[in-house]
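Structure in structure tokens, see below.
Order of writing sets the chain letters: A, B, C, D and E. Residues in each chain are counted from 1.
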Amino acid sequence: MIIKEKSNWFRMLFVWHGSVLPDIFPRLVALLLLSSLIVYFRGQFFEYKIPLNPTPFTLIGIAMAIFLGFRNNASYDRFWEGRKLWGALLIDSRSLTRQALTLTQLPAQSGKVVAFTRLVIAFAYALKHQLRRTDATPDLQRLLPPDLAQTVQKVKFKPIRLLQEIGLWVQQLKTEGQIDTIAQAAFDHNLNQLSGIVGGCERIAGTPIPYTYSVLLHRTVYIYCFLLPFGLVDSIGWMTPIMTVFVGYTFIALDAIVTEIEEPFGLEPNDLPLNSICQTIETSLLEMIDQEAPAFPPRRKPYWAD
Amino acid sequence: MIIKEKSNWFRMLFVWHGSVLPDIFPRLVALLLLSSLIVYFRGQFFEYKIPLNPTPFTLIGIAMAIFLGFRNNASYDRFWEGRKLWGALLIDSRSLTRQALTLTQLPAQSGKVVAFTRLVIAFAYALKHQLRRTDATPDLQRLLPPDLAQTVQKVKFKPIRLLQEIGLWVQQLKTEGQIDTIAQAAFDHNLNQLSGIVGGCERIAGTPIPYTYSVLLHRTVYIYCFLLPFGLVDSIGWMTPIMTVFVGYTFIALDAIVTEIEEPFGLEPNDLPLNSICQTIETSLLEMIDQEAPAFPPRRKPYWAD
Amino acid sequence: MIIKEKSNWFRMLFVWHGSVLPDIFPRLVALLLLSSLIVYFRGQFFEYKIPLNPTPFTLIGIAMAIFLGFRNNASYDRFWEGRKLWGALLIDSRSLTRQALTLTQLPAQSGKVVAFTRLVIAFAYALKHQLRRTDATPDLQRLLPPDLAQTVQKVKFKPIRLLQEIGLWVQQLKTEGQIDTIAQAAFDHNLNQLSGIVGGCERIAGTPIPYTYSVLLHRTVYIYCFLLPFGLVDSIGWMTPIMTVFVGYTFIALDAIVTEIEEPFGLEPNDLPLNSICQTIETSLLEMIDQEAPAFPPRRKPYWAD
Amino acid sequence: MIIKEKSNWFRMLFVWHGSVLPDIFPRLVALLLLSSLIVYFRGQFFEYKIPLNPTPFTLIGIAMAIFLGFRNNASYDRFWEGRKLWGALLIDSRSLTRQALTLTQLPAQSGKVVAFTRLVIAFAYALKHQLRRTDATPDLQRLLPPDLAQTVQKVKFKPIRLLQEIGLWVQQLKTEGQIDTIAQAAFDHNLNQLSGIVGGCERIAGTPIPYTYSVLLHRTVYIYCFLLPFGLVDSIGWMTPIMTVFVGYTFIALDAIVTEIEEPFGLEPNDLPLNSICQTIETSLLEMIDQEAPAFPPRRKPYWAD
Amino acid sequence: MIIKEKSNWFRMLFVWHGSVLPDIFPRLVALLLLSSLIVYFRGQFFEYKIPLNPTPFTLIGIAMAIFLGFRNNASYDRFWEGRKLWGALLIDSRSLTRQALTLTQLPAQSGKVVAFTRLVIAFAYALKHQLRRTDATPDLQRLLPPDLAQTVQKVKFKPIRLLQEIGLWVQQLKTEGQIDTIAQAAFDHNLNQLSGIVGGCERIAGTPIPYTYSVLLHRTVYIYCFLLPFGLVDSIGWMTPIMTVFVGYTFIALDAIVTEIEEPFGLEPNDLPLNSICQTIETSLLEMIDQEAPAFPPRRKPYWAD
């Protein structure tokens, strides 16, 4: 995710990185060339004048506003719900660690608490890897005891298995008589929350906005943009290419942004920085049990959190 | 539900499967023919010129935007709430299985835990069959002991009965002294959640968006589209059929999509893949108790999850 | 509430029952006559020409869109929240019955459980009667022991009193030592939910959308519609009555629908089928305790659930 | 709050009470005079013709729609959230009273239960007085024992102190061995809810919609309305004043309504009827413990609940 | 945050403080100069006439409405969610203090309760300082015992560490046998809530609205405004500068407001008054344990709560 300080209003007009412009540049150039040709031939096509004016575009505008507005809102809701789920992951991880410290009598530095905290951290990394379809092995080996790491690697739903392990850790404490059922239920409540986070992320990752919407919106936007110069050429002459590209830029750019944030768990410029959140979880949880966090590799680009 | 990788922006303009185009094609052809006739007769009707221009269409546009925008949002909310309920079903099923493993002292492979897990899986399938009004018998017989399968088949609200059976399973554990009331209450909390999921699905399936809305929107869209060529013919001449079909495509397609996702539990191209979710639940729950999931039959079409 | 299968797109254009048309027909006829007169006199009024064109109507359109859009959304939210509350009533009734069966040791057919279930069913009917201001006596007498029915009939807030009775039923079980405080608290949680449902319904029934909104919207819609023919007559001549009635139909129909669903607990065609939901609750709860539901009288009209 | 039966659609056009018209009448008259002058001078200003047409107003319309739509929704959300909070107050008051009756062994008429119920009722009145900045003394003296009334009157956050007293009442029951910690926790859960209601009301009362929005919207509306006649005079002549006032009425009335419901706890015509809700709480709670409610003074105006 | 009484509608038109006008004044002057130049040269540019009319601006208006409406709503949601989180902080702080008084047997003035209350107050201040990136040292030293203040100052996530300390305070009470596990779980529930508040605030502070949106909206607004005079000059002549600045004011002002409230935890005129809320928490909590709140320094400006 691109994280930049808001700059001066004037300089912001010429930003290149972090804007969607590099992505859609070729399409805008195509639009510019087409509309220049149309101006050159004055809207004629082999001696046939295309009799178009801006009115029908006003009418289509209504449908466009509904499609774009809807798809934009729906996509941003997915993005923001994804962010909320990962924020809740940070919250519940901390709550679980606090419970391990205060509902039990275990000291912060004891092996049991460290093992528990590492399980919770591994859970976050495992979820990240599942959502991004990347290999969880290095993180699991770094954080878990070797045999557990091996078991978890074999299963399909890794975060769920880790959740189960956290549950068994709590169960053992109960069996040893260190906590009673009420404390166990308090842990269990937060495990339910984590289960909810996994399910929520899987839902967003697995169920896109109905495909038909994307097709319909996509088509409307492009037909609109490539018919527009015919509608404008009679009234604004050689300004047609400039205005067409301006209108086209706004619609095509929105279509492109929306397609990106619709799937918020990927690695595109506007996707959620899952890796950074995992590192924050690791740092925060280790701080709670008075341990140093490992040194994380620096960001690939200064303004880009992955 | 159609699940396709987003393709190149250019190729997406010509997608046929997964678009709503096949469905509404005949209506668009009718619209094309009508508006071609109107152009041919220059908007005259037995020597009477129909004196129409685009202005009234701009005014109706306001009402259209409200109707379409509202109905689209309301339908998508139903679709997405349905998806959330089924996501919650996955979440709570896993939580219940985790509780069966960690709140009790039962080993993962014990008969009791397996029976419990199968009850939870059967619950998901029973809900699917109730919502789709399909026959639950094969799934129930596959998952439940014969006598229970028979009892459940006879009742009207099958998932509710299965929920009751899960509650009785927990009760028995309590009677045997394996768990105390607190653990029972923790199970009960998740059973309440499942009860809420059933009720939520029944609500969506049983209460459509008020019928009057559909009628009103439907009428407005079609009267608008079939009057439009009269309004355009004087200013854009032979481009009228093309622009009319373009405008008509956007409105009629939206009307068609919305009618489809309004009832998200059916078997239309954009409906929710309840069957796939049931299979995910089965796979995930069986993995938690170290059991193999059965081999599911392959999808009928590669891009279509039912 | 009108529940109809979606019919063919063509036949849906001519639906009469279930559409709001019968209701607003006289107003549309008035609008047709007025605009025909205006066309006949070519917009003149005792030799004075009314100098109006469509532009001001475009400007007012903005305010109209905000009013209609807002009031429509607010009304539908009330309708849908009402439906959610009644869905939650079904959910919590089932949960309570399940708790009566699984948190206690009472057998399904025991008198105590039957009495409890009937209390819960009576609660649903009592709420329906309170919201519709109808007489609860027959349903209370049918479901409750005579003396309790008499006590409840006398109080003002009947559902609240029944909730109290359910609470006392639970308390007695506790006094008899059949359940402990934890199970009692689990019951109490669901009683809180039912209390919330009553309060939520009372809120919707008692607090309309601020009256000023209705007045403002109503006025804007009617002034707009009756001024419109003056604005259209110069440009579209004898098509004015047709287009005016078309525009008027969309706005006036929306105003009429919205007024109807704003109060969702009544008996108008688009109101919630509270009676059917009560019957579903009765059927489902009796099925849970292995009892037959009584035969309900058939619907007055096949497509109308009251 | 004005509560009127919806009247006939025709009579509703001429409603005066309950409409915002009396409030904004002088401004509309000013607008009428100004635009009449402009018509009289045909848009000239000391021989200089003001060259304006409706087009720029269409462009500003976009910004207007966003501002008005947003501020209207945000204000109504505040209004409705305030209503929900007071609905929740009714709900939780009843739940607490039910708990006092069913989680303890105290009889309904016992002094302890009466004292508890009066504490809960006093809490509702204290919150009303805090939000309206009125004097709570009479209601506190009426409901509480003299010494407690005196203590509460001295503190700044009165409802919070009463909540504490309710908590101490529960604590004493626990000390006396009448309830165990689980029942105390069940009470405590509802006290948390009440605490949330106080905080929610304080939030709405203390944090308006950012002031800058109001200024910006206000300015746009008035500049728009007072420039409008210059834009209309050339095309619609002496209809200008009528249409200007019509447009102005819709925008200025919306601005006025929105300013009113933005602060929903006051005493303006569309504010929430906090006093009536308090009386409903008192009536309902006293009915639960079989006591008569006092006779409340009649409403000042028949259609106005304060 | 600027908190002003709503003034008379007429005086509100000329408000300077609290309006965004001072901020964007230079840009509006630039726009005024540019459009005056364009009027002077009658839209010619070195003898070339720029052939533009208002139509393309109507088309771009659709995209503008979507962008501005979306970004405005998304930003306000962030603002309001931030406010809700801080309202919840007040609520949960009070609930925790009430629990410390009523779930334990500790008297209000005892050292333990005072220490607990100060921990909770310090938590609020620590969160404020973390969000504003200011130095927490003075507040921590004022409220905490010296050694704890020193420990907390060293860690990165200060509020989380304070939460842990509150948890340890509860744990000690349990170890001393003053409370049982159920009361501890009731405390723990509210600690989970506080953990959620920290995470929620971190989420809003750490994840802006995707940068690409800001760039796209920003560009569209400014290109639109600086092209507009070319489009208006032919039809409204010397009124062009006035109307351009009016249109520009509405769009640029909205862009500026939105940028401000998007990050609601800062110190700009429309940001949340975190400091005031902290002081309210301190006053309210100390009042609950019958202690005097310290005298806070007066506000820097009478209408500005920081």
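Keep in mind that, in the parts below, a contact is a pair of C-beta atoms (placed from the backbone, for glycine too) under 8 Å apart; a residue touches a chain by one contact, two chains touch by 3 or more.
Owing to the predicted nature of the structure, the values given are computational and were not obtained by experimental measurement.
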Touching chain A and also chain C, the following chains: B
Chain D and chain E: spacing of chain centres that average the CA atoms, whole Å: 24
Separation of chain B from chain E, taking each centre as the mean of its C-alpha atoms, in whole Å: 38
Two or more partner chains touched - positions in chain D: 58, 64-65, 69, 182, 185
Direction chain E, origin chain D - full chain order round the ring: D, E, A, B, C
Contact footprint of chain C on chain B as seen in their complex: 27, 50-53, 55-56, 58-60, 62-67, 69-70, 74, 155-157, 160-161, 163-164, 167-168, 170-171, 175, 181-182, 184-185, 188, 191-192, 195-196, 198-200, 202-203, 207-208, 210-216, 218-220, 222-223, 227, 259
Interface residues, chain A side, partner chain E - complex: 1-4, 6, 9, 12-13, 15, 18-20, 54, 57-58, 61, 64-65, 68-69, 72-73, 76, 79-80, 83-84, 87-88, 90-92, 94-95, 98-99, 101-103, 105, 180, 182-183, 185-186, 189-190, 228, 232, 235-239, 243, 246-247, 250-251, 253-254, 257, 260-261, 269-270, 272, 283-284, 287-288
